[in-house]
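Each structure below appears as structure tokens.
Note that chain A is present in both complexes that follow, paired respectively with chain B and with chain C.
Let's look at the complex of A and B:
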């Protein structure tokens, strides 16, 4: 589904990402872990079009998306979230959702000026869908609050909801549990699990090892930009290199 | 409170000018209408989309120059009348489109820049425009400017306005320009109200909040910003045309950076992001600008004209400072959508 070939990116002398070949299978829940500075977020930036790589190619459904614009990659069904939540603070929760659910045609200046009835119908459909998702995420009671009034965890939920409203094929989640209390983390995990069950391919960067091991079908470990382990959680957990680089050997 | 302030400032005009307050009031309202219109355009850029545009004067200038060059006018030292055969309204439409296209032209390379960098580029572009116009003497009249163009607009002046003006000893030409600018504000605001409440307006606000998130959600942020840039530039172009007709002659010195900052002050006074805010901001701004001389004369009896002129800017600055401290969202801005966060962060 998503293939990466010879992807490299340097920042000055630092090798941020140096990956020979990875492919992600459809409908698999993959987690990428690794110490800080291992290149996880840079890897996301590279495949989602936010950063241009030095070399290498990225294929989405056999189509070359290397150096495509982020919005065009998103339109092809691969949507990402951010490590630091990026909700639209001075817009309401429902506006956040509906902006994401609306497409370029619906947003057009001409249609908006003419107030076409097709646009109105579209908006109603989007609103319904947005409420459905918000209900699932348990933020529907906040629909008319400004997004900046939400708690950190609720913002994470909003960002998640915003990214699934257009039924993406691949979801890139950058630390979906960061800064979230344990109870809400549980909730978010079960939502991610549910999305995966619905057939969305999920690739997630996360530091919470317990959570990762619990729900992932595959775990990839990055260190200094390269893959040092790749496989099911059980296998990765036992890999000596991983224990040394990341899980920590001191405890054993 | 805002309406009270605005009414109060208009009342001030009556107190301070015992002879002929109406004349002064309508002169002031004409300027307020024109600058208010320009501020509405700027609000599309900054309030709605978050674009820091410090070259607003150039958009006004492009609108004014293109329109005036298309109607019968006299440019330069010799001052012979040239005529392309166009009447005022088609020329105005072309002028507005030209201003919007200038926005596009400037936007194409510059709109990718963030925040302050865009501000620097726009201020530079506005100066380039002004100097270019000044040096293209064969077309634009250079420093001699453009004159003898008013007739194209004044032939449409309605009868009632002439009668009204005669009765109160007002300048009917200026009244006509003022009336047109306020009608334009009305029309522009109706259109903008539609747009800001629409999916398009929602998309622009999203761009204002976080461009990366917009891109990550499959929207072309650059195209949205360009559209906003063109729309605001077009509105500024319209204001520029009225400004030229109000002066009766078009000079390059009109479009100095100071004009841009007047428009910024008006937008901030009225409330960034508020649709009708610039109207009230503009009236209050112009009352201060035109009445401080008299006000200051009451306080400083021995001051000369030059010293008094300084006082008005002290007052404008003071007013903006007080506003930022006690009401940072401006007169009509929504507190929840505060855009100029001067105290925190």
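Let's look at the complex of A and C:
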């Protein structure tokens, strides 16, 4: 579904990403872990179009999307979230949801100026869907609050909701559990699990090892930009290189 | 006092239109555009160039006679030229700067450079003379409480309509919503499928057209000068800050208030014979208001977490 070939990126003298070949299978929940500075977020930036690579190619469903613009990659069904949660601060929660829900398809100026009845209909459908998702995420009571008024955890939920309203094929989650209390982390995990069960391919960068090992079908370990281990959680956990580079000996 | 209030409304509506334009651009692109004043002047100078009678003695670049076109058509063409001007600035200057991640301060200095460059280009093109649009003199009439010429009253009404139009546009059209989205987070807008480059281009064009319109208003009420935009720029900044930086509605109200403060302060007893100090009084009031409401009248305090 998503293939990466010879992807390299340097920042000055630092090798941020240096990956020969990875492909992600449809419907799999993959986690990418690794120490700080391992190139996880840069990898996301590269495949989602936010950073141009020095070399290499990225294919989404056999289509070359190397150096495509971020908006065009999002329209092709690969949606990402950000390490520092981003929401549209000066829009309400429902506006946030509906804005993301309405823009991947038709957006001609003419049609937006003429409020055609089909469009009104369309808008109602999006609104219903937005409320459904918000209910699942337990933020529907905040629908009319401004997004800037939400707590950090609620923003995380809104970001998650916003990213799934268009039925993405691939979801790139950048630290979905960062800075979230244990109870909410549990909730978010079960939502991610549910999304995966619904057939969305998920690639997640996360530091919470317990959570990663619990829900991932595949774990990729990056260190200094390169893949040092790749496989199911049990296999990766026992990999000596991983223990040395990241997991530690376990008696800290 | 009431007479000055009417003048204040007129000045206010000009500053208001220009402030909204500045504020839109700042909100979407984070550019503090010091060349905004030159786009304002461009609107007025272009209108003058297209509409002045061919046989008038004024020559542009000391050589070209004006075109003597219909005044309304000249206004439309001038506004379009301003839009194209803004679009070209974005495509050939500010987009490349953005792509190579030039910092905000450097970009600000670039706009100061542009401002100086174009101001002096206008000095060459339209000379330093104070000029007037080819409009007949009108007698003042009373509208509600205010005495003003019918033409100035039309400017006031047109300005109000423009404000309402901008408000509706931002709230209800898809492209207006997209502008608000890019203003909040460029990255997130992209992830939502918005081509932010197109939105930024549109914002440059819209902001420049509005600036040009403000310049034309200013020239109708007063006159055309090569540095007319620069002279009013400080008041426009004041209007934007007073209303709350980055909020369009705030810029509208802030601009209007600054205009009223400036003109009404002329009528204050201690100002007699010192009318050239009117801007000082207005800006002092602005500072006082900001002391009590640092985020501006309509600015929002951000939740910092």
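Methods note: the second predicted complex is superposed on the first by the 245 of 252 C-alpha atoms of A that agree within 3 Å, B and C clash if a C-alpha of one lies under 4 Å from a C-alpha of the other, contacts with A are read in each partner's own complex, and residues count from 1 in each chain.
To be clear about the criterion, contacts are C-beta pairs under 8 Å (C-beta built on N, C-alpha and C of every residue); 3 or more make two chains touch, one makes a residue touch a chain.
This is a predicted model, so every value here is computed, not measured.
S.K.: Clash or fit: how do chain B and chain C relate after the overlay on chain A?
M.R.: Superposition result for chain B and chain C: clash.
S.K.: Quick check for you: in the superposed arrangement, does A:21 touch first (chain B), second (chain C), both or neither?
M.R.: Touch status of A:21: no partner.
S.K.: Check the residue A:90 against both partner chains and state whether it touches chain B (first), chain C (second), both, or neither.
M.R.: both
S.K.: So, does A:197 touch the first partner chain B, the second partner chain C, both, or neither?
M.R.: A:197: touches no partner chain.
S.K.: After superposition on the shared chain, which partner residues are touched by A:151: those of chain B (first), chain C (second), both, or neither?
M.R.: second
S.K.: If we overlay the two complexes on their shared chain A, which of chain B and chain C does A:123 touch? Say first, second, both or neither.
M.R.: In the superposition, A:123 touches chain B alone.
S.K.: So, A:186: does it touch chain B (first), chain C (second), both, or neither?
M.R.: neither
S.K.: Could you tell me which stretches of chain A are touched by chain B in one complex and by chain C in the other?
M.R.: 48, 50, 69-72, 74-75, 79-82, 86-91, 95, 99-100, 102-104, 107, 109, 111-113, 162-163, 166
S.K.: Please output the residues of chain A touching chain C within their complex, sorted ascending.
M.R.: Listed in rising order, the residues are 48-50, 69-72, 74-75, 79-82, 86-91, 95, 99-100, 102-104, 107, 109, 111-113, 148-149, 151-152, 162-163, 166.
S.K.: Residue numbers of chain A touching chain B in their complex, please.
M.R.: Against chain B, the touching part of chain A is residues 48, 50, 69-72, 74-75, 79-82, 86-91, 95-96, 98-100, 102-104, 106-109, 111-113, 115, 119, 123, 146, 162-163, 166.
S.K.: Inside the complex, what are the residues of chain B that reach chain A?
M.R.: The touching residues are 191, 194-195, 198-203, 205-206, 208-210, 212-221, 224, 227, 231, 336-339.
S.K.: Over in the complex, which chain C residues touch chain A? Could you list them?
M.R.: For chain C paired with chain A, touching residues are 173-175, 177-178, 180-181, 183-185, 187-197, 300, 302-303, 305.
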